[in-house]
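Pasting the structures here.
Presented sequentially are two complexes of chain A, the first with chain B as partner and the second with chain C.
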Partner chain A sequence: MKNTIGTSLKFERTIDSAFRRVCWTLALLTILLGGLIVFEIFYHATPAIKKYGFSFLTSSQWDPANEAYGVLPEIWGTFYSSVLALIVAGLLGVSVAIWLTQNFLPSRVEWFLKTVVELLAAIPSVVYGLWGFYYVIPMLRPFAGWLHEQFSWVPFFSTPFTGPGILPAALVLGIMILPTVASISRDALSAVPSRLKEAAMGLGATRWEVIWKVVLPTASRGIGAALVLGFGRAIGETMALAMLAGNSSRLTLSLLSPSNTLAARLANQFPEAGPSEASALMFAALVLMALSLSANVFGVVINLRARYKLARVGVAR
Partner chain B sequence: MSMSPATQQEFDTQSLFYNRWKSRSLRNSLMNWVSGSIALIACLPLLSLLGMVIYRGSRALSWSSFVELPPAPMQEGGGFGNAMVGTITMVSIAALLAVPSGILTAIFLAFLGPDSKLAEAVRFVARVLSGLPSILAGVFAYAMVVLVMKSYSAFAGGVALAVLMLPIILLTAEQSMRMVQARLIEAAVGMGCTSAQVVRRVLLPTAFPGILTGVLLAVARAAGETAPLLFTALFSNYWLVQEGQLKLAEPTASLAVFIFNFSGSAFDNLVEMAWSGALILVLMILTLNLSAQLLAKKLQR
Partner chain C sequence: MPTLTAQPPHAIKPPKTPVRHDPIIECEIRKLYYGDFLAVKNSSLNIEKGKITAFIGPSGCGKSTVLRCMNRLNDIVRGFRLEGRVAMAGQDIYAANVDPVSVRRHIGMVFQQPTPFVMSVYDNVAFGLRINRDKHDLDHRVEQALKSAALWDEVKDKLKKSALSLSGGQQQRLCIARAIATQPQVLLMDEPCSALDPISTRRIEELMVELRKSYTIVIVTHNLHQAMRVADYTAFMYVDKESRSGYLVEYGETDQIFKHPAEEYTRQYVCGHFS
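Right, the complex of A and B next:
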């Protein structure tokens, strides 16, 4: 009897230590996976990095026949469309977050609004592209045409509207990153301790005075993080831009002009690329990764700090 | 603010009452209207998008959409059966790779070594990975699998999707394991359970609904991804199973890439097919999402 207990204990212990080891190894592999992604892209980009170096970032050519590559227009297009999208998403997202957290709505309507925003996040990028191409662009056409006719001296409207371009791309992109901005801002806003709000209300402040002077300043770091993370998401968004941006590399301020982004360039060119172009595309992927990782790391760090700061004054939820 | 002692003699008590025509009150209601209409505007795109997808998607939808191969231009009928099979296959491959490793890693993060340096690092990497542009997962799988196997394949697509699923599963599983009450675990440990027994008998059963929610969300996300499949699985006009063999090492169709390829077509019947595909894809994903949310709601009770 004693013997069987001894062996089964030993058996359980062996299982246990094996199990611990497997979990530990897999945790380590997760980190290695992160490293491997960086390494693989860097490794395959090396030929292009050696050949083009820094001029890859400052040249506007993309000419596979002469093996001349540069991504300046794509970098510009990525930033331009992302900043415009962030303006749309910031305005809409923060308003939605305020309406969801500051007791504006009966709980059913609140649930509806929350669900709508969550569903927006669930719609695949390619469906946004389809919708943008067959619905948003035709809808914008008369308005954009009018803008160009009346205000063609303003650099933003200096080119005629040809369909796919920065304006529709940025609008759709803004709707796509709206859920990211809204949900992170919502977390930040609901982390504001209610006693601060109650104190301000007790002094006779109106609801919006409370929001402007107490809630938003207290949650400002979290909202900042939401904007940075939304920006990071916009930089890497691919399909909708590949379908809506126009796939034409131009350095222009015009909202109506076709454009291109790093991710859209990858999506459009990669499937048909020869070896030298593939290496240049890997370099472009590396640039994209550097941009989006720095936005992400920055956003994650701000968000953690915001929570840490709230936790230190003892007011976090 | 102006209640200095000097004003106490002739204090107008009327000023304490709410007056809707005061500039402060006016500003307040103006902001109510402005922000309310902005929040309302935020709902419009989803309604318009869903309306368009349902309206245009249902027009060309028929039984043959599910069981036939993509049509040629101008050809009647046809469907995207092979693309649906391809999507399901690749998402399954990705789930096979990402679910076990994600859950086991989450066990390490939540239970075995929650405060270790390794756990901190894993959490950070997972957060950063969850913001990785999906096309970079495709570039990674292209370099790791396509270049090595020298062929576009369903397997490469699965690897790319797994990279995107892993952080979602990992982070949600950790979250739900942390919600398991400490006293349950302490009781099990006090009875002499080994860690493996605690995990199997207490931690996993209790956290199961939360873990499942995370898995469903990850599957829903992977099913809709296009960018990582563009140059890993590519596309194919044929069935995945040919002559009784499952061709996992060959280019594979997926619903998302089907929509992308056909949406830019100049032929009306192909564009209609793309809309039908979009309807089916959206229905699949919304079903997964809603069931995940129902699960989460049940959890909260």
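Right, the complex of A and C next:
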């Protein structure tokens, strides 16, 4: 009897430690793989980094024939389209999150709509690209043309609408990052303790006063994190933008103009790149990674701090 | 909790009420439902103006529920339904033409755990005044409220600081200041000390006695000593064993409830806590 118990424990312990080792190995491999990718990109980018240095970030040329490369318009296009997309996704996403958490709907409907929004994330990027190309652009065309005719003195509408460009790219990108923004905002809003809402109602606040003055400020950091993480997603988004941005490097405020982003530049240029251009593209990839990594780290940090703050509201001391 | 062996609930005589001098809230709950669940039944009592009334009883007997009826805070619970009448200063607050939001502006509430909003100390106290669009002399009235809540000396140098930086006891007094800043006629307090240490508890009890001069206070407490110390009147609620519905067993002057309870249930509950 004693023996049997001993053996079974030993067996379990062996399994346990084996399992631990496998997990550790896999975790280490993941980290190594990440490091390796960064190293490879860095390695291949080195010639371009040595040759162009900082001017790579400030020059607007992309001229393989003369081996002159710079990604300023791409950086601008990346930021511009991401900020616009963030405005779209922020307004929509936070409204949806409010609508889904503040007792506007029966809880089953809340659950259903939340699932639908999250499923938007499951649509492949290329499908969004096609939808943008065949549906959004034609739909925008008359409206955008009218904007340019009437308001061409406004910098945002100063160029004629040619199809793919910042406006359709930003709209589609906004829909693409909506699930991120909406679901993280939703978590932040539903983490607001209900007794805070009751306290505000007890003071005679209306439902909207409770939302504006208590719920949103309490969840503000979580919502901030949702926006930053959405921004991070927008910066790295590739396929849809390669199809919708217009693949034309310009430094412009016009929403109607074609444009380019770092990720779209990479996707569009790689197939035909020679050695010097490939190195420049690797450099561009590093820039992209740095941007997207810092947005994500920033987002995670404010999300953590938001949780910490909520924990302080939630726990009486 | 002692086991109660007295008569089954249907045999209980209607609760005695204290002599009515000047009721500010008349509360008559025949049936109160959360969805299908009959949470409170047959409980009627009058809250006397300018007095402290305490609700005691085992947890789950509906003390908070009754309290939340008095400012219509239960309206936000899905499935809540009330058969009965609650009147404040003679006016039925559940009448069809009464907006629950306006009811809540005349009745302050303090909760079990401190509920400071994520804003400065000052903005917390001014919250009720601002949503009432009542902004004249804001500084003065915030100061008055903080003084009444015995918090002014501790926070007068950090009015712009986040309310979350205060200690638990200070936060609870801040919530009291916030509740009385609009000078409501009634202050409802749902176990306001249960998350606090004994010293903070004592301060809040002193504060309640002080506030009684200007406000009517209704307090729920699981601490019978607290009820004895502060309350003029005490209501004892209990749960029906079979239906799990809560009901009012006995209501009277605090001394009478604790020293000469008329009901066997009350006697056993009170004695169980003091023997």
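The rule is simple: the second predicted complex is superposed on the first by the 292 of 317 C-alpha atoms of A that agree within 3 Å, B and C clash if a C-alpha of one lies under 4 Å from a C-alpha of the other, contacts with A are read in each partner's own complex, and residues count from 1 in each chain.
Please note the rule applied: a contact is a pair of C-beta atoms (placed from the backbone, for glycine too) under 8 Å apart; a residue touches a chain by one contact, two chains touch by 3 or more.
Please read these numbers as outputs of a predicted model, since none were measured by experiment.
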Thinking of the overlay built on chain A, is A:His44 touched by chain B (first), by chain C (second), by both, or by neither? first
With both complexes overlaid on chain A, does A:Ala199 touch chain B (first), chain C (second), both or neither? second
Determine, under the contact definition given at the top, whether A:Glu209 touches first (chain B), second (chain C), both, or neither. both
Thinking of the overlay built on chain A, is A:Asn103 touched by chain B (first), by chain C (second), by both, or by neither? second
I'd like to know which partner A:Ile175 touches here: chain B for first, chain C for second, both or neither. first
More chain A residues in contact - chain B or chain C: B
So the chain A residues that chain B and chain C both touch are 206, 209
Chain A partner, complex, touching residues on chain C are 71, 73, 76, 78, 101-102, 104-105, 107-109, 111-119, 127-128, 131-132, 164, 167-168, 171, 175, 178-179, 182, 188, 195
So in the complex, which bits of chain A are touching chain B? 12-13, 15-16, 19-20, 22-24, 26-31, 33-34, 36-37, 40-41, 43-44, 91-93, 95-96, 98-99, 104, 113, 115-120, 122-131, 133-135, 175, 178, 182, 206-209, 211, 229, 232-233, 235-239, 242-243, 263, 266-267, 270-271, 281-282, 285, 288-289, 292-293, 295-297, 299-300
Residues of chain A touching chain C in their complex? 103, 193, 195-196, 198-206, 209, 213-214, 217-218, 220, 309, 312-313, 316-317
Chain A partner, complex, touching residues on chain B are 24-25, 27-28, 31-32, 35-36, 38-39, 41-43, 45-46, 48-49, 52-53, 56, 101, 104-105, 107-109, 112-113, 118-119, 121-122, 124-129, 131-140, 142-144, 147, 163, 166, 170, 194-197, 199, 220-221, 223-227, 230-231, 234, 256, 259-260, 263-264, 271, 274-275, 278, 281-282, 285-286, 289, 293
